[in-house]
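The chains carry the letters A, B, C and D, assigned in the order they are written, with residues numbered from 1 in each.
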Amino acid sequence: MILGEEDHINEEGEFVINMGPQHPSTHGVLRLKVWLDGETIKKVEPHLGYIHRSIEKMSESLSYRQYGYLTSRMDYLSAHMNNLACALVVEKALQIQVPERAQAIRVIICELARISSHILWFASAGLDLGGVTPFFYAFRDREAINNIMEETCGARLTMNYMVPGGVIADVPSNFQARVKEVLKQFKDNYHEYDEILMGNVIFQNRMMDVGVLTKEDAIALGCTGPVARASGVSCDIRKLYPYDGYEKLQFDEVILTGGDSWARCQVRMAEMLQSVHIIEQLIDNIPEGDIVAKTKNVIKLPKGEFYQRVETARGELGVYIVSDGASTPYRCKYRSPNFANLSAIPHISKGHKIGDLIAIMATIDLIIPDIDR
Amino acid sequence: MTNEELKNSFTQIFPAVTFDETGEFLNAIIPSEELLPVMKVLRSSKEFLFDYLFCLTCVDWKDHLMMVYFLKSNTHNHTIVVKAKITDTVNPQIESVYDIWKTAELNEDEVFDLFGVKFLNHPNLRRIFLEEDWVGYPLRKNYVDEHMIEL
Amino acid sequence: MLLTVTEMVIVGLCLLVFLILLAFFLGYMERKVAAFMELRLGPNRVGPKGTLQIIADTVKLLFKEGFTPDAADKFLFNLAPGIIITTALLAVAPIAYARGFQIWDINIGVLYISSVSSMAVIGILMAGWSSSNKYSLIGAMRCGAQIVSYELSIGLSLISIVVLTGSLSLNDIVESQANGWWIFKGHIPVMIAFVIFVVASTAEINRAPFDLVEADQELTGGFNTEYAGMKFAMFLMAEYINLFVVSAVAATIFLGGWMPFHIGGMTGFNHIMDYIPSSIWFFGKTLFIIFIIMQFRWTFPRLRIDQLLNLEWKYLLPISMVNVLLVTLMAIMGWHF
Amino acid sequence: MGLKDKLEFPGQIHETPDGGFMVTQLDAVINWARSNSVWPLAFGTSCCAIEMMHTVNAKYDWSRFGFEVMRATPRQADLIIVSGTIVMKMAPVLKRLYDQMPEPRYVIAMGACTISGGPFFYNTYSVVKGIDHIIPVDVYVPGCPPRPEALLHSMIALQEKIKNDAYFRKQVDKK
């Protein structure tokens, strides 16, 4: 609701409204202060911290086995990828060789998580623009993927499946069958999604030429993930700095050059198919073997600094660990993709209408707890 | 460029640099006063072209603060970590790099909020995460909070 | 004289009860249509199949704290729901529900309805302005632009039928369809007018995809952001009565109102159709159009304000103007059946 | 009436012990309406909000119980489901949202974070350790995050709670 009654209308005759912290389209507790001239946006200023939970400070007092669980609460839709980044940085520091079976399981689970995250984007993008029905359609597949997650890791949303050295538990015996079933269902439903929302003329008109982010701006603002790829920046960590055997897999990095909201939509839709493609390559040939490498009970990282990045559903997540040789990190910094993507909003929403701001926020696809950490 | 070439070129623009190659990336440590001119060269010079600042943070080493800038060039595909040492921990100050990389704006706000480093010439320096009247800088090692329950 | 007044009061009360029940039914129908489209079940715990859900909602809203914000203009704030619901109720008067059953057979029925229903904009502007809330104000300003624009298309598409029948009275228009509904008799131009009427009247009553006045995801409720309890329930009720009015008008003008489905020249067939009571014909057609408008709401994303106005001024208005010319030509030449 | 009788304040005198037949019946009608029409506020702060969205969707479908109408403005909402961590900066906003809701209003604390701070209990400088420090809570749902079934269960528990309310009886008691 409206906070800060100071300056209703300032000297230049601009109308100042506060979007958030409680606003249905900010997907959480983001607060945007918007300066309006009529309905046209003059300036947007993000105000953060309404869900700042001091995760970086907490990480300094948790061991290397524990600190990952907080990251599932950061970008909760990419919980697996976040946990993976935390596991990978420890593996890199200690030079642990992860068993191939664990790598394959990790990739399958991460790509499933990516699909379910993009489906949620699809659902909420429709909802933000007032189309309620796609929301319900998209959740069918999300439920199906959640069921797989639940059978595999025991949790639906905030998992702690990736541990240093591998994964915490083996996949259930019917895992392959279930995944194939879900993929088949998803591919059938994908055409529906393409038609019901992406094929809708109103939706296309709301998205096209709205919030154009140029390539130079995308790089200068540090945007990553689908947002940057829609502007023509090649930034897929899976291609640039492969981890966990992504280099052995066949998939395309989806790059469009439009830079507008519509391009961002298309990138996400295409990425879902690429994820399906990746899973299909792996699902029939998960190697046999261990699921976790042998590690010491108390993990201590050598003195030094370690940086590991993974491609989450929203872009590049970097984990920067400064270790002083103890069993807890000396300093732990998460370079979160949403924090950088957020800074694009003030730049690209100038001159648009209020309704466009909603469309821009829907396609940037922010997860607020990941911004605030 | 490889790390060796980067080192050579870097030494040419700023001789007083010290390097640290223990980690994954090449670390270049410079004093905080020299940050802005060095960064400008790194951004614009043809051989570097570091156009992408992908991580900006700070580390509190108790006797000094270390600003850390992760830079990457999308053209040459090389990475460097520039560290600026701030010796004054009571009233830390450093030049803002907002003019060079726009992404620095919010990141520098964050560092100001959590470490108390003041960025000169920053367009809108404010506490973005915590309330305006918050006392102290939580990620400093000497931060005390009597409400915090220690494990 | 006294008898007339008593009669008017009785009729008015009956109508009021009928409209309240109708609003309940439409509310229930909307939820079930939404559930049907969204693969859900919809309300099914309160009463048989959830039929009492809306009554529960209404009773709850009745006993909720009636709330007026401190900063609001209290008189206008409390007056606005009354104005909105009054305009909605006024428009119901000249509608013909069945053969020979019309509450007020006024000879300018079409004109009356279109002028009365456009007064709703006053209530919405009043609500938005007096709430002293920025979102409400933006919603109210949008409403002004929207309703004034779409009024034109509605008027023009109504005129095309007025031209064909030569009368403004709703009763005459229904009678003129005794040998076939206008949508069949009037060839393609009347079909175009029908489509334009349905689209424009959806915008006129601020329903999705033209619900920019409320725009939950943009303006957190728009003009009714600050309203709670019974005052908000009045907005909801006015929305459903308006929905009924525009659907009833569309059914009357284009689909023959209470007139059964007749084909000119086929007397036997017409007699069979006459056997079905005329009120069922009327409500069947009205509910069909309501169902279509409800499907709009749950299918389409919302338009942007400039797209909304473009749609009217660049497409609907020119098309309906040309369409009126075509219809006039058709009426003069007698090309219709 | 059982629980209510046990908790009666000692020394209080009632002229008509159960508020009389009329008042009780009115209460029953109002409680029936209120319990079956609980409109939640569209409010979610973090992870639990996703599980709340799952509860909305077709598999769980809370509209069956009358929770269908999600309002974006607190003025029209009856229930605030606090789904996700509340931090110090958010606490005044939550309080204000609660104050903006007209009576009667209900609160469900969804997830460990809102109950006690949950995973963010130790070593954190900014998290509120339980939203009952800020606003009164009707039903607590533990879990991190709770399953949609758990949320539905809590909402049905809230309905039970509303059904045992006594609106008119309290009015009579005041006199």
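Methods note: a contact is a pair of C-beta atoms (placed from the backbone, for glycine too) under 8 Å apart; a residue touches a chain by one contact, two chains touch by 3 or more.
Nothing here was measured: the structure is a model prediction, and the numbers come from that model.
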Steps needed, at fewest, to go from chain A to chain B via touching chains: 1
Label of the chain whose CA centroid is most distant from the centroid of chain B: C
Rounded Å distance, chain B centre to chain C centre (Cα mean): 62
For chain A paired with chain D, centre-to-centre distance based on mean C-alpha positions, whole Å: 32
Distance between chain centroids, defined by C-alpha means - chain C, chain D (Å): 37
Chain centre separation (chain A, chain C; CA means) in Å: 44
Multi-partner residues of chain A (each touching 2 or more other chains): 1, 23-24, 49, 52, 54, 57, 61, 135-136, 140
Contacts with two or more other chains, residues of chain D listed in rising order: 42, 57-58, 72-73, 89, 122-126
For chain B, residues that touch 2 or more chains besides their own: 129-131, 138, 150-151
Category of the chain touch graph - line, ring, star, complete, other: other
Pairwise chain contacts, counting only pairs that touch as defined: A-B, A-C, A-D, B-D, C-D
Partner chain C, residues of chain D touching it in the complex: 29-30, 32-34, 36-37, 42, 57-58, 61, 63-66, 68-69, 71-73, 75-76, 78, 102-104, 167
Residues on chain A engaged by chain D in the complex (per definition of touch): 1, 3, 21-24, 28-29, 49-54, 57-58, 60-61, 69-70, 72-73, 76-77, 120, 123, 135-136, 139-140, 142-143, 146, 156-158, 368-369
Residue ranges of chain A in contact with chain C within the complex: 1-2, 8, 15, 17, 23-25, 39, 126-133, 135-137, 140, 197, 200, 202-203, 205-206, 353-356, 358
Residue numbers on chain D that touch chain B, as the complex places them: 88-89, 121-126, 129
Touch list for chain D against partner chain A, complex: 41-47, 49-51, 53-54, 57-59, 72-74, 84-85, 87, 89-90, 93, 96-97, 100, 119-120, 122-127, 144-145, 147
